[in-house]
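Take a look at the structures below.
Look for chain A in each of the two complexes below; its partner is chain B in the first and chain C in the second.
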Partner chain A sequence: MHDVDAGRAAETFVTLTGSAVLVNPVGLHARPSVKLTQCAKGFVAKIEFALAADGPWTDAKSPVKVMRVKAPQGATLYFCVTGPDGEAALAALLTLVHDGFGEA
Partner chain B sequence: MNNSNSGNVGIVIVSHSPKIAEGAADMVRQMVGDAVPLAWTGGDSDGGLGTNVAGILEAIELAWSPAGVAILVDLGGAETNSEMAVEMLAEDRRARIVVCNAPVVEGAVIAATESSGGSPLATVKRSAEEFYA
Partner chain C sequence: MVTEIHLTGRPASPGLAIGPVTVLTATVANRATIGDPAQEAAALQAAIEAATAEITELIETMQGETADILEFQVAMLEDHVLAEGAYDAISGGAAADQAWRSALDAEIAGYRSAEDEYFRGRAADLIDIRDRVLARLSGVDTTAKIIGGSIIAGDDISPSTFLAVDWTRGGAIALAAGSPSSHVAMLARARGAPMVVGLGPLSWNGRPPSLALVDGDVGTVIFEPEPETRRLFEHRMAAANAARAAADARRAEPACTADGRRIAVHLNVAAPEDLVGLDPAICDGIGLVRTEFLFEASQGLPDEDTQYAVYRRILDWAEGRPVTIRTLDAGGDKPIAGLTVDGESNPFLGLRGIRLSLARPEVFRMQLRALSRAAVHGALKVMLPMITVPVELNRAAAMLDEEFAGLRAKGIACERPPLGIMVEVPAAALCAEDFDAAFYSIGSNDLTQYTMAAARDVGAVAELNDAGNPAVLALIARTVAAGRERGVEVSLCGDAAADTRLTPSLLATGLTTLSVSPIAVARLKAAVAKVGS
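So, the complex of A and B:
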């Protein structure tokens, strides 16, 4: 069942998680970082990611913070998404990483 | 010089070297895309290294957006000339333009990334300046 009203009344959303392996040869370098940030900014959900399932978490909407992670090729990116469009956001992010940010 | 029609914050790149300014603008276009109004200026009026107020005003005009414009500069004169250019603008525009305290290349890419996501001018500036933080 999909009880939208109940969700709105509580103003809380289930936190969704997912992970994908970085396939880009240079990892999360500048260009993929920009793409990840742009993708995240397209959603209202709170979006964080980490290199481990238990964090530490980085705001995926901050270009500077995303670049500072310097995630290497082969690293697993764990996403933690909370918000009304969380499901679509998570799907878009996982696809982006999985497809090598369009450059692999 | 190039531009795009959008309500996103515009980015102006000011360097003493036209090659640096143009190169930084190329990086922004390639990495961030076309969703951000963008203009660059560099060199003095004789074509040497330096900056000039007229060139900066022209770049601001090209990159103008109702959301405002963030200027990225390199050294000394680029900053003072940019501030002078801002002071010459009409008052309503002056309030919607900022000079960022950020490295010119990295700052331009970061600022444009923020802008492309629809962030307001203050967020664009803060994000670019985060690079030094």
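So, the complex of A and C:
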């Protein structure tokens, strides 16, 4: 029973995907990693990202894991978002990356 | 008998300093008693929370970059993933301090092995986090009290240690390891503390040195200097301090010669990050934006939107001042994987600069589209590198016209930027008036090496590679005359512009615009002010 319920609950939310190029200098470094995770943590959706469209996927809410990816400038970040506020989460993350995390 | 120890590393923060040496040592005490796994886990959790609170408290007294660095440390400490491995080890019977140390050491090793220097630089932050928590676990304050004004020598230094020092009293940093892109290096540049990294093992036979001289301009450190060495260094320091104070005070003023000629001083930048924290008032515009960085750092070539965003940020910074962006100048000593030709017998005389762009037009056309779109947002000018004959400029101009027309047909906001050439091949300098260019920008590095037939990177012919040679100056003067005749601007953007010994000769050719890296602006303006007196 439990498994069936869990499956149904997950199906209610379509998994959304999107990508954006890292334009800020030196890539996904300390400050952008913190901003990315802060932004992701503002949503209940499960949010993962990868450097390729087919993964491997990294939890975007963990600064330790985000920093381990060492994403360089010019890399494309692929997002994979599942949850009730998935659409807003994806839009917010793509804007953040696209705007270079507000760095000059 | 004491003898001087000369060490050479990499400059990480400019300036000269002299002072007593403080050697950093890792002084983490071992914990006396070890409890059961539950107690150890609780001890680690308490230590992490205490360390987080400690840094959070510190943040409140800091601003800007320093606060950002500490916020990063807090974010890492608050992430349970960081301590996951440690808690696992504790449940397997390990002591809290050992478990934490090995978990963090594994994380630190991951940063140290990074290809990117910036990520390697983060290892120091992780060490800082590690030691802060260890200090809490052992109940010992490991942040040694360092007396202001001293030369801090060690393997590497943590941001916490740096911030605990009173830098208003002088002092410097001399590191065996370290990185110019570390957070500490950024802090040192912001505070004006000289810093040299990568000195290699600091081994003094038993007794640590008492005095050191640090030259953060060239990246050298002298331990236990002889009295004469010290006297010469102090003399240089006094002169440098006086010159810097005088120059910095006038950095935002326009450059004028003693006889009243107004000289425009532009900036050379390699990436938008070079402009962070700079006041646009210090320059009359940007004379050279190298765009190679966009192509080097990326995996694959950057797309049009990425380029547009970067160009636009630079134009926004310039607040209406002219910005000259050079199209991709790959080849020669700047290979780009997948774009430049490998194995050329003489890359400097091969397919580089505009030659490569015309041979690979798809990459070039994309850049022209991004530039045309960015041109809407400021006074953008586009400069072509390595132009040798007029037909190259004409072909590039036709491509720019086509891309501009294509964008406009699609209703995309764009403008056709003025198209100028770099004059760095003697053939272009000798026949400059034959080019239908909107401006000329003299690239003195290549112009010198092609005129003198002496490479810059070959030490044995270094003396021949002289931008002040009359032959090179004659080609510059000729280009200036062609620009005057055609009524277009001529500037010079190579290293010669920042070599203040050459300033009088360069201005004597009739040049009125020089472009230098931001750090050289104050010095150049001071040198210009002396010309004609």
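One rule holds in what follows: the second predicted complex is superposed on the first by the 92 of 104 C-alpha atoms of A that agree within 3 Å, B and C clash if a C-alpha of one lies under 4 Å from a C-alpha of the other, contacts with A are read in each partner's own complex, and residues count from 1 in each chain.
Methods note: a contact is a pair of C-beta atoms (placed from the backbone, for glycine too) under 8 Å apart; a residue touches a chain by one contact, two chains touch by 3 or more.
Everything numeric in this text was worked out from a predicted model, so none of it was measured.
By the document's definition of touching, of the two partners only chain C reaches A:Gly27; chain B does not. In the superposition on chain A, A:Ser62 makes contact with both chain B and chain C. In the superposed model, more residues of chain A are touched by C than by the other of chain B and chain C. By the document's definition of touching, of the two partners only chain B reaches A:Gly42; chain C does not.
Of the two partner chains placed around the shared chain by superposition, neither chain B nor chain C is touched by A:Pro84. When the shared chain is aligned, no partner comes close enough to touch A:Gly18: not chain B, not chain C. Comparing the two complexes, residues 30-31, 34, 37-38, 62-65 of chain A contact chain B in one case and chain C in the other. Residues 21, 23, 25-27, 29-31, 33-34, 37-38, 62-65, 67-68, 70, 72-75, 98, 100, 103-104 of chain A touch chain C in their complex.
Against chain A, the residues of chain C that register as touching in their complex are 68-69, 71-72, 75-76, 79, 81-82, 107, 110, 114-116, 118-119, 122, 125, 181, 183, 271-273, 275-276, 294, 297-300, 302-303, 305-306, 309-310, 313, 317. Those residues of chain B that touch chain A in the complex are listed here as 30-33, 109-110, 113-114, 116-119, 127, 130-131. Across the complex, chain A meets chain B through its residues 30-31, 34, 37-38, 41-42, 61-65.
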